[in-house]
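Every chain is named by a letter (A, B and C) in the order it is written, and numbering of its residues begins at 1.
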Amino acid sequence: MSTEFIIAAIITVVGLTTPILLAALGELVVEKAGVLNLGVEGMMLMGAICGFGATVSTFNPWIGILGAAAGGALSSMLFAVLVLELNSNQVATGLALTIFGTGLSSLIGLSYTGFIVPVFGSVFPASLANDPYLKVIFGYSPIVYFALAMVPIVGWFLKSTRSGMILRAVGENDLSAHSIGYSVKGVRYAAIAFGGAMAGIGGAYFSMVITPMWAEKMTAGRGWIALALVVFAGWRAGRLLVGAYFFGILMALELYAKASGFSFLPSQFWAAMPYLMTVIALSVISMRDRSGGNAPACLGKPFLPST
Amino acid sequence: MGTETTARLELKSITKRFPGVLANDQVSFSVQPGEIHALLGENGAGKSTLVKMIYGIMQPDGGEIRWNGERIVVANPKAARRLGIGMVFQHFSLFEAMTVLENIALGMDAKIPARELEARIKEVMTQYGLKLEPHRIVSTLSVGERQRIEIVRALLLNPKLLIMDEPTSVLTPQEVEQLFIVLRQLASEGCSILYISHKLHEIKALCHTATILRGGKLVDTCNPSVETSRSMAEKMIGGNLKTIEKAEGRAIGREKLIVNRLNMPARSHFGVSLKDITFTVREGEIFGIAGVAGNGQNALLLALSGETLSEDEGAITVDGAKLGRLTAKQRRLAGVSSVPEERNGHAAVPEFTLADNSVLTARDRLGMVKIGLIDQRAAKTYAGEVISTFAVKALGPGSTAGSLSGGNLQKYIMGREIMQNPAVLVVSQPTWGVDAGAAAAIHQALVDLAAAGSAIVVISQDLDELLSLCDTLAVINEGRLSPAMKVADADIEEIGLLMGGVHGDPAATANLHPELAHAHQA
Amino acid sequence: MRIKLEKRPEPSTVMQFVTPVASVLLTMLIGVIVFDALGIKGGRAVTDIFLTPLLATYKWQDVAVKAAPLIIIALGLSIGNRAQIWNIGAEGQYIIGALAAAGVGIAAGGAGGGAIITLMILAGIVGGTLWAVVPAFLKTRLNVNETLTTLMLTYVALQVLGYLVGGPWKDPNGRNFPATAPLHADQTLPILFPGTTVHLGVAIALILPFVFWIIMSRSVFGYQIRVVGSAPDAARHGGFDAKQTIWLSLLIAGGMAGLAGALEFAGALKAINLGFPSGYGFTAIIVSFLGRLNPIGCLIAGIVLAVTYVGGQIAQTTVHIPNSTAGIFQAMMLFFILASDILIRYRVRFVASPKATPLPAAGE
């Protein structure tokens, strides 16, 4: 294997990993606060179209990213109000958000079909970004560096800051946190909004970097893989990074198998691989840790204080 | 400062309404600096609601709260802590998966660096003789240690008023005595203590003043040292105490339920495993299992009812039949009924009607199922019979279980099992959160069932209940059961030590408070 | 003024019926407002989507044919949803069911008739059930989250479909389109009313809700499902096996989705191509909730959702709104029904602001 091939492979893997890493980091914070939001896929699609739309309107990819974050966060608020104010079932409401996000993004996307924006690529000088070797470090979209930076930041926030400790407390025992005097709903609103924003940016990676145009359902189920990743990582930011790259490599294999034809198996086998591996990975994790281990104790349960 | 005459806390005509209930009705009393003030009342008398308003968790609908003479509104617990009010909850507000240090930090409003906080915690611990390891995960601690976290958390704020909500319900007599030493020291330093309990002997031993609540109303404020336990109990219950009528010279017959070396692994991280549980219950015998909460009572009930299965079919036998590997359904058919501690969601389904709830445990024994279909009429009839026989206050078999009060639902559940004439009945916390009238009725029903020849196991944290109800007693601690002893010649001090198990500090028994021990034996 | 929620002593039966109807009406109202704001004739769009299919008799057959799979899948899903076992992969089970039926059809060659059709339907049920075995096994043995596994297997099912119709089962006379050969006339489901598209599957979708209703409301099995969903500890106390409940609810849901797939294939589409999976498996989740997890409710809700599908197509030509609009309406209905759930157990009260008493003196 040549160096060029390895560099190309790394760049492919990083590209495939970034959206699921972003969405999973967001969902990690949401779940640590005790909320299960299955609407990741819908929020990613909303982020993808809002980011794309904002870029088309302003010609500024940075504003596009803000638009993506806002689109994801705003759509997550639909979920938040239902779940936090009306105590609706979290699983069903998350599903509703995914269905809604899929439909609404297609509707908004109609006005943007046929548009193409410049790829939101590397912002480093061309000498670095296009260098055949150095591009493996400098050749990525700013979103990639942002995603990588967020791994230690989220980890540090959860583990070492007071706000992170309060967030974990809310996810661990909402009634106690409430009785001490913390605003359970406030913390959860913030967490859900953060999860929405991160999913939105993850979605925008599809419409602004991978294929700089809009297509219906372009996130292709990656939101669900992000959800599985959080379980797989045992609710730890560090392991999330490892898991995300594991899936990134699997998805890259599909592309190479299709392109190179070295596969003796049909291409559909490789396309199904990430999903099959998700099932296998979840099983292996559950086998090792039968009781659910690190899952926040209040995950997915309604908060019913007696006031 | 010359404020000797100003009360630290004064409540004037505090009123709080819930849908359908007047939880507090014009309650007024005051607490002086350095006073240990008891708030006495039955479950449901309105004690917890009252202190939740003082601590700012709830807001009163009427009346006023005065703090050092000034009228205040306690908007939330944070505001309460700023005023100098600390609270130790009955159900601890702890975070299982987090460390002691994190748990304490969460209770502090100010942002204190971890190292400084740790130093201050150590300071408080040495000052009051409280032992704790700051970096342990809470889920690995005993109940007594968990309460210590709450106390340290409250003490770090230098409280002027400390509210203790039923602090001893989960402690061994020895741990209770250690707690009292801390509370007396605090009071001597000028901190007021509002001590909520329904245990009269403790109040006599500890408190300077007692305010008694009944049905949300203030009944009396008295000096516990001049009252007798009986007189306070009568004020609390509002009538003369009923004693259980045990049939004279009740015959205890042959061996019925034999549990032999029953082992059961823990069901979760936080669960307790059962180790070599062995005991025998005879026909007509009421066998009590005492112990501090969380020592395997739940696991034992599940193992006996068949909700968890034993590896060894011979571990549980009834009349010689081996039941260890039989399911809950099969054991019921074999005559073993059970009533778990949690009524809503375990013994009964809150959203279901009483008729539907009768199907839950009576369908096979009473033939409510025909070719896979439920005979609704039979279920309704049976539910109606239980309601009338056990004087359950409900509109009828169509009422949902969740709409009944705790006492009435418990009467219904007990009735549902007892009217199936079980050969063996296992009951956990039969009168937890139940008013005195219902408790007496339940106790009487158990005694009558035993008189009819059933073998009964009562698991309870309420030692007084067991001592008055049971013929035989054993103590469970960390999943091990002590040898059985006759209640008639049981020694309260020994029971206390057994309840403490490995957590107990043997040295503490040397100076076990005489009044405490005495009150139990009375 | 402040909104306050008060727990009802008994769950409201009235609200059980009112909330689904109100959800549909609210969705229509919001639809009018939003479309007007977007510069589309809102009144016309909503009329076309929700009413035209009901008023135009020639659209009834379309509604019936679209409602059939939705109802059948939703019946199965309602059991799991009631027991709080979340199968969101009905789409995959539906695909595999259809493929299994197609496999029988292909294997039968030129043979047809009642026996072969019955065999195809049975194969559909078995196929859907088998696709649900994996999540059920993983859930009961290893406690693997069934929500994720059922969905992941849907993506796998899509690839299986892509492989079969593009490879071994590709129609040799199909000008190289990835699709199976159309079924022989005597391998398709009988048509109930000559001259229409209403096939046997519609009749099955009309009968099954009543069968399920008897099972859910009268049988011990239905009781078991309801107890497990409301209070799992009570279910264990009552002697109901939690694992058995998981197995049964997942397998029944899989079987129903497989049945729906087989009927849709053998009754409506008669060939499978890459466009075969049209999202019925996901829409059925909405049907299940809109029908309040009640079998008869599913029947009615299935018709409502089918109306929006047919109406969506009408509105596409009349007011030129995209196909995805129907999806937004469907999701809105689900949002409203979930939001209004609380009204069954709580009463909404408007109360005066809480701070009627004098304000604090502390700190002054």
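Couple of notes before you dig in:
As a convention for this text, a residue touches a chain if its C-beta (ideal position, glycine included) is under 8 Å from a C-beta of that chain, and two chains touch if they have at least 3 such contacts.
Predicted model, so just to flag it, every value in this text is computed and none were measured.
Under the stated contact rule, the graph of chain-to-chain touches is complete, every pair of chains being in contact. No other pair of chains has as many C-beta pairs in contact as A-C. The distance from the centre of chain A to the centre of chain C, each centre being the mean of the chain's C-alpha atoms, comes to 27 Å. The centroid of the Cα atoms in chain B and the matching centroid in chain C are 46 Å apart.
Averaging Cα coordinates per chain places chain A and chain B 46 Å apart.
Contact residues of chain A toward chain C in the complex are 38, 78, 82, 86-89, 91-93, 95-97, 99-100, 102-104, 106-107, 110, 216, 221, 224, 227-228, 231, 266, 268-269, 271-272, 275-276, 278-279, 282-283, 286-287, 290, 292. Considering their complex, residues 162, 165-166, 168-169, 172-173, 175-177, 179-182, 291, 294, 296-297, 307 of chain A touch chain B. Listed in rising order, the residues of chain C touching chain A in the complex are 81, 86, 88, 134, 138, 142-145, 147-149, 151-153, 155-156, 159-160, 162-163, 166-167, 282, 285-286, 289, 321-328, 330-332, 334-335, 338-339, 341-342.
Those residues of chain C that touch chain B in the complex are listed here as 6-7, 9-11, 218-221, 223, 226-227, 230-231, 233-234, 236-239, 241, 354, 357, 359-362. Within the complex formed with chain C, the chain B residues making contact are 19-20, 59, 62, 67, 70-73, 75, 83, 305-307, 327-330, 332, 338, 340, 342, 344-352, 356, 359-361, 363-364, 369, 372-374, 376, 399-400, 403.
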